[in-house]
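One chain, chain A, appears in both complexes that follow, with chain B as partner in the first and chain C in the second.
Coming up: the complex of A and B.
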């Protein structure tokens, strides 16, 4: 009786999980297997000599030892992440601290502040594209009027193009950080903060010694999550610069896209994606380890 | 150490007045307990004293210094919270030493004072633990230690024993009393537990509806309550109340209820009223009284609780339940009809309308 029940229960469990398992096989496992196979082939849709011959790890060897563009893209991605994530965290936390009390219109303000994150990244890209247009972009016009920008346009200069992309990313994702920090601050008990005040701590000391310590698990989560997301940034760069001028704003995701869908070098593109996936796994493992430690503390 | 003075302290939250015109002076080294039911304004008063709530009006002095608008960190006050409010990510030692670290005291001094406080509270073995690894009683000790390590001018306690079990509450209560004697510090303690108030306070402040109902020593409050609320709130089991009619005739003034009557002096303020409420403490009711004065009535025993050394008897009188506390009584049982009485000096008279105590003008009699 017990055994039959256990078997029925197990069967029911598999029936429940089946749709998810099938879905994951179709959208994740199968493409990964195809990508692994492709990455071991010399496969290009534009070079007729590369017709899919098996070449072993040659794509990986070339990518990791010869391709300077790959390392440039990695470096650009690292810089992008290293700049945008700290800014998003600091701005998000600052705004959260300022609105972490009841006042009239608070909910409306939070909704308005969340708008950049709620808009689809492609729409964000299009919106900023119009704002930064060389001839009639509103922001370009005012920057030129104020003397911050010469006759050149923002996206024609390597530094300003990359800076603009970073600023847009910070604008888009700061609200996400704000929301996470605000959730943490709202859930934080009031008494330890009050106790710290009575212990003689000023606002900075309370923030440093009490609030940030309380928020540590959330901060680890939010920063790691954003770091992983920012390292995959694609939509806005694709819409605004396409990786240019030259390859000045070519992050790793744009590089992989250009290789695969502009040059149509499918084998090499698959190798890039798998190397990226490997790094993502390493970062994710690191994330879980740090996150668990933060939780324990 | 310093005393505390609250002058006409008020606090409103929108239309609700939480604290209404509180005046209180706490002497240097005194242990004062604010007691009252939930929502009476005691915690709000304490939080205003700590600087954690702004005052709607009124003034607060610590010693001779007005601190009404002074930030909590500059008041030199320590507070033990109901939830203990320990810093969960810091060890016990770090919790204890936090205030000294903030005050930029030398490291060796901080370590020495942590050791001293840990020794006083018997928590030397816990210094490296985080609060999550402590029991409720241990957390409570750490919270007290965090308060005393700073040598503040005033100690505030916001129901610090309410999260402890009954046994631990009793032992911690006596430890806090000893600590007060040892430190000779000014302490203001908030509780809703009248037993804590009676056993710990040099003086008690009974609050209700944001108002101070009475201030006095525990026995003053118990023996001579100013109104029906104080009389009913302080004391366990609570005081018994009887609604009585006032009859004034040629023979004098009497308060009558059931088959009982209580002679009152003609000059008693109740003579001008139609109704009063009489109050008698459970320990002042006796079965088969031998005295002739005072009040006597026939009642039915509803239930008997033998507590060993003493007996609690629940009596029924015209649908009302009364409680009597006596020494060990063995020959009584439910459903018995008994004669019950109380001496005149143990019967308190209250205004039926506003609950105010009606005291005899010359101080004699009920």
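Coming up: the complex of A and C.
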């Protein structure tokens, strides 16, 4: 390449990058700066006395040392993620292994199986609200007929409400896991499996030592991806319980939303959001490494 | 795999799985076609008289036609914005050495990995101060932002797939970098570009939180308005069901067409599939 062409390339590179840089400054950097400033103030739209005086790091101090609801919400989120992701992974992998060969109607089948993941979480939430309605709900009715469920309301009990939200999440996201695992299995060469069979390995040994070890980078990626997404769960909880009863199902996103947009404590809310954003930067850095490795594979 | 099995025996668990996955949705589709008296019954009613009254009611009485149009406007505008900005950036990342490229790339990723509420409030504060809250601009910008990472990552992987020799031949023929991009590389990614656009459209169409926070009144979207049909005085489940079907059916149709790239889209281009 000549010097003139190198200059032309450089100029064109900046033409390509300029829009995204301007865009990120407007929608991301500027709001972050505003949020940092507001997080140092007491700013509430409902409490008359809190009109924007600067209070230094008071919001952060209160959040990190006094707000037990914040830590409860983190704990609930950790439990939620730790329960749903392993189930989604095991179910997803099992289904993927089961349909990992050519057959008529495979494309349509996969589309149908993907339904829970593709439709809006709002619709998922409303759908299950209807299915789990006391006595009239389809699922409630048949569960009661089979004697599994007493005459209680699922979403008014702390334990059953949280369990129901987990089951719905597993229903919603198992297909996603299946799809990723299926992609990995399809990309896998046949020879190692055949060689293992010839060496007398049984199906379990092939699965464990050949297929799963081949899939390992992808599994790490998928589990991490889902864990990040699951930790942000909001829509279905907002629809089904709103965080209740009490704050039994209040995960971190629901907690941040309630504090900010129900109580309208914007300064405090800004502090919460920035703490969460900082956490996610750390997670993003980790994720960046893992996904680069998955891509190299 | 070549394991032999009985196709009938094999399809039984699959049938059960399909029941678990599809019945909830089928049930809501049926509910949308039921009269009020058939909706809340014990035992649940599988056979009933069909009616389209619920659809008529939400579209003509509950203004869902307006919200549907809002969702479409927001979807198409944010898609156009994210795809334009993101495709240009993806090309730069794929072909040139961008200064601090890794940092910018990482920053774009971070905007999608954090909880949306953490990004929605800062945006809210800015729009609140600028008095832009009752415009669709806020939601459009927000959706374009969180979809940017998808466009950049996916389009970069499509550009990476194009052999460099094709571009080099064009340079030798005297094309400028812009001409090479516009006339050679971009057209080669058109099928991928359409897929990306459909994904972005679906994600915007399905999104709740930003739309909930950054829009008000007549500007609200379908996803925000469906929960509003739940009332303390009793939910009109027929209308909820009809609105849900209107919202979700187009998504299912599109899913079938972009199935080939579903993995790539759902993992932001990280898994090729």
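Assume the second predicted complex is superposed on the first by the 278 of 297 C-alpha atoms of A that agree within 3 Å, B and C clash if a C-alpha of one lies under 4 Å from a C-alpha of the other, contacts with A are read in each partner's own complex, and residues count from 1 in each chain.
To be clear about the criterion, contacts are C-beta pairs under 8 Å (C-beta built on N, C-alpha and C of every residue); 3 or more make two chains touch, one makes a residue touch a chain.
Bear in mind the structure is a predicted one, so any value in this text is a computation, not a measurement.
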Quick check for you: in the superposed arrangement, does A:183 touch first (chain B), second (chain C), both or neither?
second
Which partner reaches more residues of chain A (counting touched residues only), chain B or chain C
C
Once chain A of both complexes is superposed, is A:216 in touch with chain B (first), chain C (second), both, or neither?
first
Given the touch rule stated above, what does A:202 touch, chain B (first), chain C (second), both, or neither?
first
So in the superposed three-chain picture, is A:128 touching just chain B, just chain C, both, or none of them (first/second/both/neither)?
second
Looking at the overlay, what does A:68 touch: chain B (first), chain C (second), both, or neither?
neither
Under the stated contact criterion, what part of chain A meets chain C in this complex?
1, 5, 8-13, 15-17, 19-21, 23-24, 26-28, 30-32, 34-35, 38, 95, 98-101, 103, 107-123, 125-131, 133, 135-136, 138, 141, 145, 171, 175-176, 179-180, 182-184, 186-187, 193, 218, 221-222, 225, 228, 231-232, 234-235, 238-239, 252-253, 256-257, 260-261, 266, 269-270, 272-274, 276-277, 279-281, 283-285, 287-288, 291, 294-295
Can you name the residues of chain C that touch chain A in the complex?
1-3, 7, 13-14, 17-18, 20-25, 27-28, 31, 40-44, 81, 84-86, 88-89, 91-92, 95-96, 98, 104, 106-111, 113-119, 121-123, 125-126, 129, 141-142, 144-145, 148, 152, 171, 176-178, 181, 202, 205-206, 208-209, 213, 223, 226-227, 230, 237, 240-241, 244, 247-248, 251-252, 255-256, 259, 262-263, 266-267, 270-273
What residues of chain A sit close enough to touch chain B in their complex?
189, 191-192, 194-202, 205, 209-210, 213-214, 216, 297
Which part of chain B faces chain A closely enough to touch in the complex?
50-52, 71-73, 75, 77-79, 81, 83-90, 98-99, 102-103, 146, 150
